[in-house]
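First chain A sits with chain B, and in the next complex the same chain sits with chain C.
Showing the complex of A and B:
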């Protein structure tokens, strides 16, 4: 029964990873930007939610919606104010990567100075739990999985049933060619950053409510999301992100159970072995 | 006539000359604020990082102590002042902060905290001849340096109280959580030694400070099917998250803690109602006796100080007493701290230093009855 319990925990973790991973994958696959500051967007939403809901006592839903909106706008602002100017001045993707890292470190230092490193948990109450035999599942884990299923469903429809979605897929397959055949790259870029950042915001809100956040939670979560994307591969954006997240969530939970002192080692050695065998990822 | 008048005048001047300093002296003692160059005390505490909350919560208690010392005349008429440096709670930060306060600010004594920090600072204290005074609870730690002192109940002195209760409750299986810091090893050794003769089955895990999901570790604890869980860390919010997740994984196992964790505001904010029913051992203190500190702290931060707040308040007075007795230099303060006997703690009891420079204080076992208010009930056998 322990294995089932660990599996349940792994799936809950996968839900959190999947929301961040798909946004990161969306930006990387279409715009080739290694958006480290995606973790910053995630954690900013978490802190905004914490401040509104826990510190100011504002309702769960309005606080969450506002935090997600802030995340979406922050992601877009980072692109418009940092990435685009660098690219327009002839900077390459490595310059953008360094700038993204800089943004991430600036925000992390700011959050550290403000919170003094104390974990911020946006709830005081206990979560409802459901028990089946010796397996206990928290209501929030089920809610997170439901949100992930809904988000991925909507993303699938957006990618396959809308004109912007078609343009996004065009950019994923061949960016320069997509621009030549008339894809409005600037507009699509705006949509991509808004959407990916909003998804990171949803994850940030859920994490702040569930387990709590610290100043470096954004970087840590992004790291995990990147590994999930690498594991899943980027040829199929949605499938790669979700399979990678589920694989990583389960792996993390089992490593945490069987080899707690070797958790990070277990996760990364698995990733390296997989890359050696399948450099393109599971669904690359 | 002149000789007589001169004699009277001389007598009057002499009387004034003798009486005036005595009067001033007694006024100082009665509450005239201290003045002049302050005696500086270094404070190397974590102000940021996962353990940063401790600095944020304890430095104000030291500041209040300094204020109280200064309001009542200071030390030999001179005020005390704190020089605070952030250690970030890690050994590198500890050494760098200590070098700064000793070699730049020229302090003659240091207030510090945490086993890993004190372990890193002790060789430097030996070299620089500066006494360190901390609330560390790792058994035997301060015995390793003539310059290290601790004012707190160490775990090996608290364990007999906890173990007596485990014996009473016929505990057969114990699972322990320790942070991945140097506190883990001495804690583990002390717990294993304390339960050795009781035949209690034992398992343990280390948790990583700063993590927020401990459910893999807790499932491991669950699979061990313990009668009790023992958590002994630094009283950080992480431990609150663990207690919360223990309950949310459906475990109703009695949780024990080796620190006065529940008195910590940062822990209480995170753990919420999940702490109800928890039992912990800590310094025994009387909130009525500590009213002077409690009121000032509440006015400053809006809530009560935790047990360590009382300890660090005492420490400022201990150093002040040592300076008053042997002067403002490392050796003198060390001597003064070594000789502490029947020192009146702000928490009510009397404190003495043992031969290993660890204070001997009264210890109590508390049950968290209401975690939100919070209501703590002393259950010391």
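Showing the complex of A and C:
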């Protein structure tokens, strides 16, 4: 294994993070909701995909599409059933954050009881491998990166070419003002949760297919995505999320290769130092 | 009977922790999600000094309180410039940082992931004396905390929570007040860590993860913020309830998930319907 190989692995990881991070950033920047349960949405899609594809033998694509749909609806349901009632009763950011933690605890407990903690992998058979010089790249990683590029491209068009996208950007800049000038916050909110959760669902399906999942995979992935978002900053949603994800992918790949026992430490020390030095993110 | 005494001791440990956490969240208005780190520092300090250096356990317990206070103060200082949500997020990060520190650097008994083989004095050696001693220490901690929040310092603390600028305008230092209460909280948590080790006989890093910090938040939140009585009620009710699940015959492999699911549901219910908890005098603001 040489440095370039580790870098290639890091970019592969970055693809997974980027899909989770951009949805989290979208929700946090527009609605000020620290959506820990975004990790739950992500992992639920993974489990649904696993159940359909591996356990029931249903095809790759229909299982994946169904899992993404479940994720999108789950994210919306969490907002409607948990976050909105809290906000309506005068709760604030902390209350929503704590309740979000509660949601992820419940789902994690469910998966724990269901799988007894066993990691499940959906992928069967070997993956195609491409070799370029001393670096080998898995075709799946290239597919993930292609999906990420496509998703980010579509998100860019959505944010900058549609009316809802304009409203989303308005909310990011100044929520109360956006509402005053006639942004339909409720409808925009629904769009945001559906879209962000669907993207988490795509990431969940890919992760379940590629690396396997366990009950705590969701929370772990989410925290890495959170650090990525903090790193990239939220002034420019897409740019911040992708830069943060790439940086975190490379960081975790190198840390995991050279000193795996300090992997978590390096991620969260980075987060704490970053919050202390530049809470607005490196590019905020 | 022995199991009941064990549960009693466990309740006592979590009462001390809940009181310590409530001092900072409820009375001080500083959202902590990282106190599991200080619990671990206390447990590891007491167990290491006792097992490897042969220090008697009560001295080791005192050292655990000092270590808890010192680490709490040291980790707070850089975070003081943060406020509100970013402060909470940074303390949450502390869990993960300290988990790796415990996992990679803390001493362990050969052939295991953690520490065991405590040399306990007679007052802590058998289940019944251990419960009585733990209970006495817990009562002492509760009385001390009650005295603290009822004192002029307690008033200053609540004023710092609600109106820091008003505290500063009458010539008091809100930051010093926050450092003081955080350090006291760290000392209590460190002490509880030592008792936790004595109750469990065995400690390893997995006891001191984010899950432990979430547990503290559930106990304090259910009991109620800014209420010492609430911090007694929370752990007693919840540990009592989840342990009773064992007696009604829930298979043990579902006990953990059932408890975790219940705590999750409690957090959601609290935040929607009763943010001040059962007997709290303050709620989760913002």
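Methods note: the second predicted complex is superposed on the first by the 276 of 284 C-alpha atoms of A that agree within 3 Å, B and C clash if a C-alpha of one lies under 4 Å from a C-alpha of the other, contacts with A are read in each partner's own complex, and residues count from 1 in each chain.
Please note the rule applied: a contact is a pair of C-beta atoms (placed from the backbone, for glycine too) under 8 Å apart; a residue touches a chain by one contact, two chains touch by 3 or more.
Being a predicted model, the structure only gives us computed values, none of them experimental.
Enquirer: Check chain A with both chain B and chain C modelled on it and let me know: fit or clash.
Expert: Aligned through their shared chain, the two binders fit side by side on chain A.
Enquirer: For A:261, is the partner it touches chain B (first), chain C (second), both, or none of the two (neither)?
Expert: In the superposition, A:261 touches chain B and chain C alike.
Enquirer: In the overlaid three-chain picture, which partner chain does A:129 touch, first (chain B) or second (chain C), both, or neither?
Expert: first
Enquirer: Could you look at A:253 and tell me whether it touches chain B, chain C, both or neither (first, second, both, neither)?
Expert: first
Enquirer: If you stack the two complexes on chain A, which partner ends up touching A:217: first (chain B), second (chain C), both, or neither?
Expert: A:217: touches chain B, not chain C.
Enquirer: Figure out whether A:110 sits in contact with chain B (first) or chain C (second), or with both, or with neither.
Expert: A:110 sits against chain C, while chain B stays out of touch.
Enquirer: Under the stated touch criterion, which partner chain does A:5 make contact with: chain B (first), chain C (second), both, or neither?
Expert: Only chain B is touched by A:5; chain C is not.
Enquirer: Thinking of the overlay built on chain A, is A:275 touched by chain B (first), by chain C (second), by both, or by neither?
Expert: Only chain C; A:275 stays clear of chain B.
Enquirer: Please work out how little space separates the C-alpha atoms of chain B and chain C at their nearest point after superposition, in whole Å.
Expert: So the smallest C-alpha to C-alpha spacing between these two chains is 5 Å.
Enquirer: Share the list of chain A residues that count as touching for chain B in one structure and for chain C in the other.
Expert: Shared contact residues on chain A: 112-113, 116, 261, 263.
Enquirer: Mind listing the chain A positions that touch chain B in their complex?
Expert: Going by the criterion above, the answer is residues 2, 5-6, 9, 12-13, 112-113, 116-119, 121, 123-127, 129, 131, 136, 138, 207, 211-214, 216-217, 252-257, 260-261, 263.
Enquirer: Contact residues on chain B for chain A in the complex?
Expert: Answer in residue numbers: 47-53, 55-56, 205-208, 210, 212-213, 215-217, 219-220, 222-223, 237-238, 241, 244, 247-250, 266, 269-270, 272-274, 372.
Enquirer: Sort out for me which residues of chain A touch chain C in the complex.
Expert: 34, 82, 85-86, 89, 91-99, 101-106, 108-110, 112-113, 116, 223, 261-265, 267-269, 271-272, 275-276, 279
Enquirer: Over in the complex, which chain C residues touch chain A? Could you list them?
Expert: 31, 78-79, 81-82, 84-86, 88-90, 93-94, 96-97, 99-101, 103-104, 214, 217, 221, 253-254, 256-261, 263-268, 270-273, 275, 284-286
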